[in-house]
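Chain nomenclature is as follows: A, B and C, assigned in order of appearance, with residue numbering initiated at 1 for each chain independently.
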Amino acid sequence: MTSATPGSSHVKEQMVGWAFKLCGLLSLFVTVGIAVVLFAEAAHFFGEVSVVEFLFGTEWTPLFTEKHFGILPLVLGTLLVSAIAMIVAIPLGILIAVYLSEYASARVRRSLKPILEILASIPTIVFGYFALLSVTPFLQKIIPGLSGFNALSPGIVMGIMILPFVVSLTDDAMTAVPHSLRMAAYGLGSTRLQVAFRVVLPSASSGVIAACVLAVSRAVGETMLVAIAAGMRPTFTLNPLVPVQTITAYIVQVSLGDTPAGTLEYRSIFAVASVLFVLTFILNMLAQKLRASFKFTYA
Amino acid sequence: MARTVHRKSAESVFFLSALLALSVALLMLAVLVVEVFVDGFSQLDWQFLTHFPSRNPEDAGILSAWVGSVYLITLTVAFAVPLGVAAAIYFEEYARKNWFNTLMEMNIGTLAGVPSIIYGLLGLGLFVRTLNMGRSLLAGALTMALLVLPIIIITAREAIRAIPSSVQDAAFALGATRSQVIRTIILPLSFPGILTGIILALSRAIGETAPLIAIGALTYIAFLPDGLSSPFTALPIQIFNWVSRPQAGFHSNAAAAIIVLLTITLLLNAFAILLRNYFYRRIHAHLS
Amino acid sequence: MSNAFEIKNLNIYYNGLHAVKNVSIDIPHTLITAIIGASGCGKSSFLRAMNRMNDLIPNSRRTGEILFHGVDIHQPMMSEVTLRRRIGMVFQKPNPFPFSIFDNVAYGLRIQGMRDKATLDQRVEESLRRAALWPEVKDRLKQSAFALSGGQQQRLCIARTLAVDPEVLLLDEPCASLDPTGTARIEELLQKLEKEITIIIVTHNMQQAKRLSDTVGFFHLGELVEFGRTEEMFEHPRIQLTRDYIMGHFG
């Protein structure tokens, strides 16, 4: 009999297990790290700026001599661009996903899915170039009053950019709906279209909504596209034709300048980033809950 | 009769609009690629790849940018892969199902959705300032490593989960310890799947701009990095810099640099997808 | 005659499911013991308790004692790793590693730290001979194990287990996925191995139990209904339930 010494090998195994656990815990440290870094600097910021002014002020002029720290123009700019992106991405995305999951042949699916994945991997800076130098000049020919920087062009391009993502997630949700449900509907004399829109899409609704929520979260956090094409002027407006500034674009603006640590400007990017982080964190959690309940229904 | 006609037309309306949606999307992307090529292709030559950036768009090149990117993503992968794969092994092989581990799993899904600029601020606060690394290659790579960590964990977990438990059972029944099972069974068999995740992480890291701007990577650098603490630039930063200039000459440079970046990204992704299909087909053919 | 295992009041639970109920049994040394019963009767769980494979299943729980040659297999000084090297296991579906034939058989030796090429060659050949597979594979040891037929794969799994020189061989319905020819070769092999090691085989094939085993235990709904010498039990079962099962009334 081989007499392995159970004592020493057991200790070694335990240590290996702890090492793996530590790496697993690292992901938790990242989240905690983000929260600590953001909130610590933001706390300093709120030592000097009142929370009420920050949350409800409609003027954002931190780089002027007369400083105002009302985040609403940035929030509005962010929401405006995101809303335009959603108007493009969600209807197109759902149409394409329904076509893919309910109509397309296996061969079409097999070739389209990888194409979608590859499109989803195009760096956002490339879309920024496209929005600023192709789409905006083109739109200016149609809409005379359109400014060189505006919310419309990056909004539309962002919609196209996150389209593959919406299609992919929606298609996953729809294909997860059991085949028996479709058969039952066909058995009752439904047409293909009725099955798709009245049976499959509603059954997949929590998965589809999760996809839309994740898309919103992406749009809100998107940075380079808006930093390049939407402008750097915080405006309290819902007009898509004039320059606006998003939360992310403001962070880029300050980062590009040489702002020393400890100044109010430096701290202000952590304050706005905290808002962005909390917002996207809630959206992501919501999407995960929705997906979990969807998987629970059909797993 | 009338109803049938009505139904048929509803079907064709849907069909046409779906087709339209698809073509609008694909057309816009086609226009994007064509525009970039038209604008940038003439600029793309050997000199462009071997020159430093310059005030004169004709002379400017992407040498420091692409070398910086290569250093950056190599380091990023070197940091993120061991940690990410180890974390995936923990979740698949060790973690029991309880509230804490469920929370950790949800946390990874959430981290994958945190905007990249937030990672940049984490890097700025943690690596650049608190740990005093400055705006160095090391700080950039560590920031990027945290950014791609969720991608690596998620793909590695999928790859590990695809290995049938019967194969692991066989190893345990022969008296293998858990760490031996991981070393001799789990890692070799999930390797192609893990590699897919690594390539996806690479392609993400090479195109990310915002976190590097947040940690303060420089936009104009006329030398090559000479160590971990060296300042650096990267391809997407150089593109951003050129796009932001008013002169058309720099826009052509940006387009040329985009051709380089797009080519690398698309090749990496296509390779990752092929590899993944191969991996899961092989697993299905032999092991299930 | 000595006993390989003495099992006292064994209970196994999975997530609250009571899979094995208060089983006490003595399993003789170097004979073939068959465990029969309908599927879901707890016979596989019982088998997996003997080399502590159940430890790998989350939320499984056990009470009772399993003595292996008089030593409690759950005592702290007994490592499950050492135990599994002494008590080998072959599974229902052939589960070769996706390696070469040689590397499959050498696996157990290598994880024990054996590196010497000549010794490995010799042990691999010896194990393949014991599993009656050597003539069929001796010219293609470097080929993938998946190139073999199902029956050959199962004999490879047996060879792989024999390579670490176990004292006991546990087999969990090893012929369930094999054709009659494959089954016959495995049975032949087991009868030859019986002279050297203790064999415990779980099967739902009564003819197989009758042909192969020296002693047989009948499980029903997690309980051991009857245990005894094979001829006696098949000729004169003492309990009505056993008689019904053997006659094919259920299962």
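In this text, a residue touches a chain if its C-beta (ideal position, glycine included) is under 8 Å from a C-beta of that chain, and two chains touch if they have at least 3 such contacts.
Because the structure is predicted, anything quoted here is derived from the model rather than measured.
A count of contacting C-beta pairs for B-C and for A-B identifies A-B as the more extensively joined pair.
In this assembly, the chain whose C-alpha centre lies farthest from chain B is C.
Comparing per-chain C-alpha centres with the mean over every protein C-alpha atom, the closest match is chain B. Separating the CA-averaged centres of chain A and chain C is a span of 54 Å. Between the CA-based centres of chain B and chain C the separation comes to 48 Å, rounded to the whole angstrom. With centres set at the average Cα position, the gap from chain A to chain B is 16 Å. Looking at chain B, one finds that residues 177 touch two or more other chains.
Annotation for chain C: residues touching 2 or more other chains are 81-82, 85, 112. Residue numbers of chain A whose C-beta contacts span two or more other chains: 9. The residues of chain A lying in touch with chain C in their complex are 1-4, 6, 9-10. Those residues of chain B lying in contact with chain A across their complex are 7, 10-11, 14-15, 17-19, 21-22, 24-25, 28-29, 31-32, 35-36, 39, 83-84, 86-87, 89-91, 93-95, 104, 106-111, 113-122, 124-126, 129, 146, 149-150, 153, 177-179, 200, 203-204, 206-210, 213-214, 216, 219, 236, 239-240, 243-244, 251, 254-255, 258, 261-262, 265-266, 268-270, 273. Residues of chain B touching chain C in their complex: 96-97, 164, 166-167, 169-177, 180, 184-185, 189, 286-287. Those residues of chain C whose C-beta lies close enough to touch chain A in the complex are 77-79, 81-82, 85-86, 112. Against chain B, in their complex, chain A makes its touches with residues 9, 12-13, 16-17, 19-21, 23-28, 30-31, 33-34, 37-38, 40-41, 91-92, 95-96, 98-99, 103, 114, 117-119, 121-130, 132-134, 157, 160, 163, 191-193, 196, 214, 217-218, 220-224, 227-228, 248, 251-252, 255-256, 261, 269-270, 273, 276-277, 280-281, 283-285, 287-288.
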